[in-house]
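Paired with chain B in one complex and with chain C in the other, chain A is shared by the two complexes that follow.
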Partner chain A sequence: MASGRVKTAYWFILPTFAALIALKYYPAASAVYHSFFQWDGATAGRFVGLANYAQLFRDEIIHVSAVNVVKFIMGRSFLNLVFPLLAAKLVFHVRHQRAAYLYRVLLTSPIVVPSMVLLLLWKFIYHPYDGLLNQLLDAVGLGSWRRAWLGDFQTALYAVIGIGFPWVTGIGNAGFAFLIYLGGLQSIPKEIFDAAAVDGAVSLRRFFRVELPMIASQLKLILILTIINTMESYVPVMVMTGGGPGVSSMVPGLYLYESAFLYDKFGYASAIGVVMTLILLVVTYISQRSIKSYSEAES
Partner chain B sequence: MKRCVAKWLLIFLLLPAWLLAGATKSFAQQAEVVIRMYAGEYTPRARTQSDRWDPPSYLNVLAAEYKRLHPHVTIEFLPEITPQDRYETWLFTQYQAGRGPDLGNQLFSEVNRHYLKGWYVNLKPYLEQPNPYVEGNRRWADIFQPGALATGVAPDGNMYVLPTGVVGTGIYYNKDIFAKAGVEPPETWAEFMEIQRKIQAAGYIPFAFPMAGAKATTNWSLRVIQDMILDSKLPEIKGTGTPVVRTMIEGEGISQKELVRAIKNGTYSAKDPQWQEQLRLLKEWSQYWGPGYLSLDPDAAYRLFVTGRAAMLYDTSSRVKVLESDSLRQFDFGVFDFPRITQESSPYATGISAPAVGGYTGAGSFTVAATTIDKGIVDQVIDWLMFITAPQNYIPMANDLGWYSPGLISLEGIDPKLEPFIRSVENGVFRIESFYRGLTVEYADQFYRVLQEYLTGRKNMDQATDEIQRYMEQAADELIERNGWTDLLEELSR
Partner chain C sequence: MQVHGLLRRFDPHQLALHAVLIVLVVLSIYPMFFTLVTSVKDIHQFYHSYFAVTYPFHWGNYGEAWDAIGGYITNTLVVAAASVVIIVAFATLAAYAFARFSFFGKEALFMALLALIMIPDMITLVPTFLVLRDLGLLDRLTSLVAVYVSGGQVVTIFILRQFFASIPAELIDAARIDGASESQVLLRVVLPLSKSILLTVAIMNTLMIWNDYIWPLVTLSDTKLWTISLGLVGFSERFAGMAAWGPLFAGYVIASVPLIAFISFSMRSFISDLTSGALKA
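What follows is the complex of A and B.
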């Protein structure tokens, strides 16, 4: 009877597996296969062996975009680790239940706004003439700081990294991070807080000695998701700067997209994708091993 | 016996059913045909709250009239996709999936890049047929300007696109700012720089030049400047030694193959001081583009102009109706041609006037998807195309949009505001393609990135042209391989 039910269960999850194979595993396998071909995406390709990989390592744009994506990852990781956590901690310690609920709603509701809307809004904020940021700088007497934020080689990449201020909700997985952290803090047993209070651990000391270690697994999760998301992401750069000016804000994801859909070099784009995947696997593994959760630390 | 009778009875009963099924099927084919059309800027839609001018709607009128003539045919208009590169990406995926629009709208240069993929119907045989919607017409091709037909010819000699939308460009200027600065529309490059200096001194942005997003303005500018600067060298680049005359047809001057040959044999080189002159002039001009031009896209540049903060804007004939209808505009505007480069500004100038930028690249560049053959509706799609290109239909449609002139021989009734642009194109377009469509799309992006670094001083002329030359040669090699130009390789090796 039980084995009959198990068999039935497998039948029920079969469609999911079929979709997974068709939409995830097959495209990935196809990308690996086509990375060894010179292929325009429509006609039959020509086998070129490792030529695409060799070109990738010689490509100056890849070098620049690799450095840019490292900056991007570091920037977004800092923003996603610090600010949502700060907001979660503040909301967690609000004593009034209704106020806490209200803050939670206010800080998570922007998640439902489509990210494209936010990107276009930030493009306007950064506008060199009519943008909110430059007008704000004028208003507070910092007119000398006016910039063409997205059109300046020095600031374009950082302007894209910085979208979503105050970095608690909205772009990327920041809003999601806030909820994860809040959930983590809420799951800390009350007895631990009581014991910490008895030992004199309050405020900052409690945060660093008790709360932070207890939510290490949440931090690890957000860090890994941020790294993966930022590495693959290209839409913010595409919408805001197109990788420019020059290649100052180019990232590998956008270059992959351009190589495939603009330059008809699907084989080369596949090679870029394969290398990105391998790097992501290594980085994810290192992140997993280096940050121990509380339970892992205890054992 | 009974079995034999039963067998024949069965056959006689089934036979009419089989025949009826065939008739029903053909009746169903007659019953309903849906033609999916991507009409580009002609896509009809209702005015929304955010519209500052009336969007086009005349295709709805034509579709209704066509339905009256052919009740079994419905035209379904696909929503317009902008900007151009997003549209091309969408179109690529649609054609790959066999879902391309039955009647599409695509630049001839893009069609000629993709025609080998088998996406399009060869229109040449159909152009030999009479257009039933044009009285007395014996050959559909006869209603089009020769330039339109010549522009649509693919490298293999067939015709996969019918580019009938004529667009012109000009420099729009704010007459009020010009009056305040005490300047007049310039004739020469030197005058052009001088009036911009005065406009800047008067506190305005002289020129709204967008370098973010679409590369159109840079492309047009370099086409014009390069044509004038390389005027004396064009015969050598072409390889014939004879003068290269201007016509209405893009690409009729120096073809892509001739350009590739010139790159490979060194007559067209980024290390040539005469070639480099175009970059120098562009950099000289860039001081008047206002801060932040690298992050200014065409819409933002237009907004700077229409709100009276920038004095000039380089744009197409499409802006005429837009500017006239735009409630943000509080000034009178005019249009002048791109100024002529003289010896006063460059030792390479021959004094030739600026060429027109335009030609058959407006909306109305029609393609018919190869999938219409499989669907059995290709004849119907061609018929619909013949209907909309008939002058009595096309001209009102063009006037409704107000952006492009149809590439028809008979232009009776065309909006007179489009005539200056048509006239400039008739005087002859640029003879040598610039970075944007001259070689590969990848080269265009590579050139553009280096250009931005050069204009902002991050790279000097030597550094910039070293890199551009390398990219140019790579693009030339790629085109030789892609097009199978083995004859060119043999010629160069001799």
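What follows is the complex of A and C.
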């Protein structure tokens, strides 16, 4: 009987693990292995030791990409932590229940727009002649501020970071930030607010002393999702600027893609992937720990 | 009561709250509004009344856009339907095993599963592409189904396992005592209780598939097979180049409709699952 059940369990997990071994575990191992090879994906490749890694640290484009992705992470983390939280807090305090529901639905509604449509829409908004942003600047008499937002060395990267204004409905994985914060605020026990009210905690102090620590786990979730998502994401840059002008908005993911699929440098691309994965692990570990200690210190 | 309600209505604090929220709502949905308005403009209306709603509406833009991207949408629907069915089937079996069975190596296998969360798609991109190439799946929609099935497993299993573990043991034991086999228990007892969570994971995976750009880009060179995210980029360049903004925006609306229809059909349960903490860290 028991062994029959065990057998059933193995049968149940078999399809999943078959798929994962073929298309996740094996490729991950293969990437690590081939990062030590000069490899075009067609022939067996030539073992080059750490040469790919050495080249990586000298590569100018990697330097630019690294700085850009850090700016990206800081920018998107700020946007995903602050604006959806602000909106969630405002909706949370709306006393009229039906209005609160309506705000929730309306502020969430942009997540139903497919992300590619959103990217292309923002590409249009930044369009040098017909774009919404430049037309708007003209309309309010700030025509001198017009520029080719995505074609300008000064602005291309920041234009991609800043898509999604007013940033209440996050982009990508963080698209649910607003709902998750709101859920967190709503699940704070009422007694805590009552106690805070007796203590005379007023709005802003209450926010930082009571509400923020109580939703620390939600903030942590969104921050980690944002960091991981942003480090990995390169489709926005790919679609909106192609990494340009020059390589001014290049990010590591896009450079990995180009190394492999435009230049057939599969070994080099694998080395980029390995380094990115290691950095991702470290960053996730640190952010998880530092936020844990923050929430412990606050509560 | 009446007086109280009135007082509440004129609470300056609440009024300020509503004012800020209305501004946020308007700004958040303005791009969608602009898209709808522009999608029925001809080129003359676009350039002469950029911000205004103009008449007559040029519904022909939609026909023009559909001719350009309809095929991409059909392809995406086929891939999404096949992938989501397989993802949910595989993940249900695995999640049920992890939630309700004890077997040798269970903890280790589950950790191995969770470890995949930390393996970014970036590192597996190149070797996975080569696996698909060696299996002869390039330029077939099957390649997309394969990567989505493997890509959707971890999170889906994680969510389903939590739900399955919360089903009262008595329900399952009762069925077992009645002589039901494990598969029968799963099909007759567990799945009927799981409709809402299954819908939630189906939506999450549909979103992932509808929005994916990279896999069709690297696996499909035949434009007839392209899915919507990939197809839209080419469509967008072509129509923007001709300043055919009306049909271009009509295309964006068309590309959004299937997803919007599917999600709003099931949004209520999705949001309540999300806010009730099914996805909490």
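In this text, the second predicted complex is superposed on the first by the 276 of 299 C-alpha atoms of A that agree within 3 Å, B and C clash if a C-alpha of one lies under 4 Å from a C-alpha of the other, contacts with A are read in each partner's own complex, and residues count from 1 in each chain.
Keep in mind that, in the parts below, a contact is a pair of C-beta atoms (placed from the backbone, for glycine too) under 8 Å apart; a residue touches a chain by one contact, two chains touch by 3 or more.
Values in this document were obtained by computation on a predicted structure and should not be read as measured data.
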item: Superposition on chain A - do chain B and chain C clash or fit; value: clash
item: Which superposed partner A:Ser109 touches (first chain B, second chain C, both, neither); value: second
item: Partner chain in contact with A:Glu211 - chain B first, chain C second, else both or neither; value: neither
item: Partner chain in contact with A:Leu120 - chain B first, chain C second, else both or neither; value: second
item: Which superposed partner A:Phe261 touches (first chain B, second chain C, both, neither); value: both
item: First, second, both or neither for A:Thr43, with chain B first and chain C second; value: first
item: Partner chain in contact with A:Leu150 - chain B first, chain C second, else both or neither; value: first
item: Per-residue contact with chain A, leading partner among chain C and chain B; value: C
item: Contacts of A:Pro245 with chain B and chain C, given as first, second, both or neither; value: first
item: Touched partner set for A:Pro128, first chain B, second chain C, both or neither; value: first
item: Clashing chain C stretch [against chain B; choices 7-15, 25-33, 43-51 or 61-69]; value: 61-69
item: Overlap of the chain B and chain C footprints on chain A, listed as residue numbers; value: 41, 127, 130, 261
item: Touch list for chain B against partner chain A, complex; value: 85, 88-89, 92, 96, 114, 116-117, 211-213, 291-296, 300, 303-304, 309, 440-442, 445, 449-450, 452-453, 456, 458
item: For the chain C and chain A complex, residues of the former touching the latter; value: 8, 11, 14, 17-18, 20-21, 24-25, 27-29, 31-32, 34-35, 46, 50-51, 89-91, 93-94, 96-98, 101-104, 106, 109, 112-113, 116, 118-131, 146-147, 149-151, 153, 157, 182-183, 210-211, 213-214, 218, 228-229, 232-233, 236, 240, 243, 245, 252, 255-256, 259-260, 263-264, 271, 274-277, 279-281
item: Interfacial residue positions of chain A with respect to chain B in the complex; value: 40-43, 126-130, 147-153, 156, 241-242, 244-247, 258, 261-265
item: Parts of chain A lying in touch with chain C, wherever the complex brings them together; value: 5-6, 8-13, 15-17, 19-20, 22-28, 30-31, 34, 41, 87, 90-91, 93-96, 99, 103-104, 106-110, 112-117, 120-125, 127, 130, 132, 135, 139, 165-166, 168-169, 176, 179-180, 182-183, 186-187, 217-218, 220-221, 224, 228, 231-232, 235, 238-239, 252-253, 256-257, 260-261, 266, 269-270, 272-274, 276-277, 280-281, 284
